[in-house]
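The structure under discussion is supplied below as structure tokens; questions concerning it will follow.
Which chain is which? They are A, B and C, in the order written, and residues in each are numbered from 1.
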Amino acid sequence: MFKIFNYLRNPIEIAAMSFIVLITLIALIGPLVAPHDPYEANFHNTFSAPSFEYIFGTDAAGRDVFSRVLFGAKLTLATTLFIIFIVSSIGIFIGIISALSGGIIDNLLMRFTDIWLGFPPLILALGFAASFGAGMKAAILALIFTWWPNYARLSRALIIETKDKEFILSAKAMGVSDLRIIFSHLIPNAFDVLFVQISLDVAAVILVISGLSFIGVGAQIPLAEWGAMIADGRSAMSKAWWVVFFPGLAILLTAISFNLIGDVLRRELDPNLSGNK
Amino acid sequence: MKKFIALIFIVSFSSIILAGTKGVLYIAENETPENLDPANATNSTVDQLLVGVYDTLVQFTAGETTVTPRIAKSWSVSNDGMKYTFNLRNDVLFHDGSSLTAEDVKFTLDRLVAAKGNTMNDLAFYKGAEVVDDYTISLLLESPFGPFISGLSRIYLINKDLVQSNLGDDNGRAWLAVNEAGSGPYKITKFKPTEEVVLEAFEPYWKGWSGNHVSKVVFVYISEPSTQLALLNSGDIHIAPDLTVDDKVGLRSKMGFKVDIGAAATPLYFQLNTQGKKIMQNPLFRKALVMSFDRGLHLKSVLQGFGNMPDGPLPSNWPGHKKGTELRFNLNSAKKIIKDNGWTGTRLLVRYLPAIEEEKRAVEQFQSNLAKIGITLDTEGMTWPTQAATVQKLETTSDINMIYNFPSFPDPHAILNTSFNGKLTGYNGGYNWSQYSNNKVDSLLNKAASSSDQKERANLYSQVQQLVGSDNVVITVSNPGSVVALSNKVEGYIYNVAHHQTFNYMDIGLK
Amino acid sequence: MPLAFIKNIFFYIGQRIILTIIALVVLSFITFSLSYIVPGDAALVAAGPNAGKVKIEQLRREMGLNLPFHEQYIIYFSKLSKGDLGKSWFTHQPILEDIKDLLPASTELVFFAMLFNILIAIPLGVLAATKRDTKTDLSIRILVMFGAGIPIFWLGLLLQHFLAGEAELFPIAGRLSFSNRNFESNSGFILIDSIVQGEWSVFVDSLWHIILPSFTLSVLFIAVITRTTRSTVMKALEEDFIILARSKGISEFRVIVKHALRNALVPTVTILGMQIGWMMGATVLVEEIFGRPGIGKYAVKAVTQSDIHAIVGVVLIVGVIFIISNLIVDIIHFFLNPRLRNS
């Protein structure tokens, strides 16, 4: 995984990778280094402009925007990685079954997957929000429901490509159990390409999650989630631009960085897909 | 020749009548009306339209806190308080020209009962109506109810003949949803909620048109506060009720505009679950909670001063208000109580509606203050129906629930009974979300409800506030003002405490 | 037409149609389950304030809320097949009517976003591909980078604040100006109806109102298509037939447009088709910010009112549109792609 540093070719890519490292660090230790309690309201100090003490200013409840942005990093990354972990697991599972079964099962599963490919998560999230109540739960569920087809298709294609390769056939001939082949050979082999998809998806999921929080069906205030923060500061945008600006900037930079790194990975790990040298 | 003279006569006569009405009043509203059915008049978007389209037996004039006669010229109450007899005017015409008689009143009530109209919920103990003659009607109750007359302020009288022929199989709900059958000063000439709703003056209105009145009222539905502001500034609309607090502050000092702060009576509460988990059942713990909210700061910072400083669950200017029943903000005392009793580290849950800005900010302040005294407050944002569902069972009620009280009429009963009567707890289907059940309070409330002696009632309600205060049942967060931005051209607008979020357009004129 | 070809059509399309039907049934099951498990109480909501337990219980029985799961589902499904999506409890109108009224507004938005997409992304992609590795290419790629990473709602807020609020180049919100609010649009498509009725000022007005929101919506998708076009055109330019065309002396412009682009467009068009579904889903963000009516906004309002039937109705309709358009794209693909035809 740390090979990636060798792949970086220009300053922009280096910057992107550094930002990712930075944001990961923030996600991990942010809570410890934040200058203020992100949930401590102070109605004597609402909407104060960025200053030395409050680097990104304060919001409608007098909270420090900078600390909240730091906390938001942890929340956003943790949620995103959780979702991606689940959907990739489900997707890989289905992809394996489909690829190894072949025939009708393969056909049916893939057609079924195709139909759901790209179902708008925003709308489904609204449905879940109505049923379970708005909150991260609804957002996460909706994303899981709509995102797994990507991984199912991808892993199926990869498995099919790999399963007839020499080293697999010889392993089988040697009597290695199917299960071992799957876990020790097929999946790890596919992983490189899956990793590309994962990296790109991190950006996409972050955008969708913050969008959901913005319209009110994802994270709820006072949770320090970037999308929710933007929604909260929206009505005061003309007098307190910082409440909307900084969380948005955080989303932008994070998404761009993951996108860029995804591109780098694609370039290095999967040359036949990119055509982008 | 005769025809010509007659024509001139008619034209000048009608222009004399219409001399009282001129101009078109444009009112912005951010929420489209549900429909036009008077049975739903407890909903403010419906009430907003109907308040000048229909007549009632009695009504609260904007700015007043007691009812005055309308269709009912006078009335008398039987000694046992169970029969109200009304003498009606004989000069009231419906918009289709027919006369309003006692039959229409009876039909209105019968229909409301059959259609399970929400407006009947405020007429406790109503049993039935008896037509005595064309202009006399008796309303019967199962037991006496003090505020009965006040509850009639939303019983909009419908045209029996017209509605009966359109009753269908749903008690006329489908027809009345998009049609009106009223006798009020304005008739609805266009109902297109996605665009606008237009009302025009009904010339033969029994009250006449002396004074300055508008001949047309147009409600336009604009959901964006910034758009409402832009249109108010450009003069396209005259009344903008849904601006942001900052916009309203700015308009206060702007030439050509004024900001009206109606002394609203829609208190916002943190209702503390008195039958919840063990620690919540302890009045001393609740005492600490009550002392942990800074109402003054909320009024200043969140409401920007638009409202009154709360002093107990009842608005201060209401009859029967008793001073000082609810504890004031004192975080140090609260902290001491928590510490002395080893309650540090307690975890509580509050449910509220994040869609309402004021509730959000109140929760944030409360959460922050409680954190300072060692209590963790978890928050759960919900939608109204979901929150209402959670309080229907004791087991699912959270420790604290935020809720506004929207009294249908300015009577202490409307607030105190609704919020504190043991028969109306959440698990009994009511709005007493503190699940507060105190027999003494209940008997005081019931006695006050069946009495018609206002002094006695005020006394009883005083005692209720005292008991509720010492039991630390609620934290009254605010008495928010109903703030409306208007063009200076508007004269006659007064906030009506009995009809929240509506405008007395029938009394408004344009300069 | 050869028999094998016809057989192929039947198999392929028939298979697709059956699966589409299954998908629709599954969708209805999902949407029904959503409405079933909602914790809110529809009867409570309908009864109103101070109703009391008895009345609520009565309503609950009337609304059939006490029946077991499968019975309720059967009722739901039979209503669906008649086109009855139930009534919205806050508008009291049939939900299908509500959605039909609002769908054109969202569709107009998506249409214009797509227009922006095609008009901007494809030329940009071609430009980047032909000027590959130059400063132009680099700047386009940087733009794409930002476009792909920017949150739609944040962009919308910023554009609204600066271009509409401060600079007043565009209206802040709505579909039409206040003076045109009474325009009667028969089909719901204001842009079309205004032309049909000859109301040019209304047409211009609605165009002016739709530019900012549809552009906001399109940015993310423009980034994707630009990138796709760029890479597919680059690939196509490396193919043999291009070298052949060039050697024949055909002008560079024709080479690019007629030969490279045409081949490169197939995957691009596929993605464009899929984007329609994604855009429909994302309209809610833009409708919310720019105060435009639409099914997205309707769904959000329904969530805040816990009007489960309305939301479920939207999920269903969007799902149906999505599934059916996939089917159509598949069929078109089948006819376009020789490999599938002969498999």
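The rule is simple: a residue touches a chain if its C-beta (ideal position, glycine included) is under 8 Å from a C-beta of that chain, and two chains touch if they have at least 3 such contacts.
Predicted model, so just to flag it, every value in this text is computed and none were measured.
Contact count check for A-C and B-C (C-beta pairs in contact): higher for A-C.
Chain C has its Cα centroid nearest to the centroid of all protein Cα atoms in the structure. Relative to the C-alpha centre of subunit A, the farthest chain centre belongs to B.
One inter-chain figure worth recording: subunit A and subunit B are separated by 47 Å, centre to centre, where each centre is the mean of the chain's CA atoms.
Mean C-alpha position of subunit A lies 23 Å from that of subunit C. Note: centroid distance subunit B to subunit C, computed from Cα atoms, is 41 Å.
Across the assembly, subunit B contributes residues 355, 383, 386 that each touch 2 or more other chains.
Those residues of subunit A in touch with two or more other chains are numbered 130, 133-134, 216.
Contacts with at least two other chains are made by residues 38-39, 165, 303-304, 306 of subunit C. Residues 15-16, 19-20, 22-23, 31, 34-35, 37-39, 142, 145-146, 148-154, 157-158, 161, 165, 220, 231-232, 234-235, 274, 277-278, 280-282, 284-285, 288, 296, 299-300, 302-304, 306-308, 311-312, 314-315, 318-319, 322-323, 326 of subunit C are the ones touching subunit A in the complex.
The touching residues of subunit B, counted against subunit C in their complex, run 32, 34-35, 40, 42-43, 116, 118, 121-122, 177, 194-196, 220, 222-224, 226-227, 230-231, 236-237, 355, 383-386, 388-390, 392, 406, 418, 424, 428-431. By the touch criterion stated above, subunit A contacts subunit C in their complex at residues 12, 108, 111-112, 114-124, 126-134, 203, 207, 210-211, 214-217, 227, 230, 234, 237-238, 244, 248, 251-256, 259-260, 274-276.
In the complex of the two chains, the subunit B residues touching subunit A come out as 225, 244, 246, 294, 297-298, 300-302, 354-355, 357, 360-361, 363-365, 367-368, 371, 379-383, 386.
Across the interface of their complex, subunit B is touched by residues 38-42, 44-45, 47-53, 55-56, 58-59, 90-92, 101, 165, 172-174, 178-179, 181-182, 291, 293, 303-306 of subunit C.
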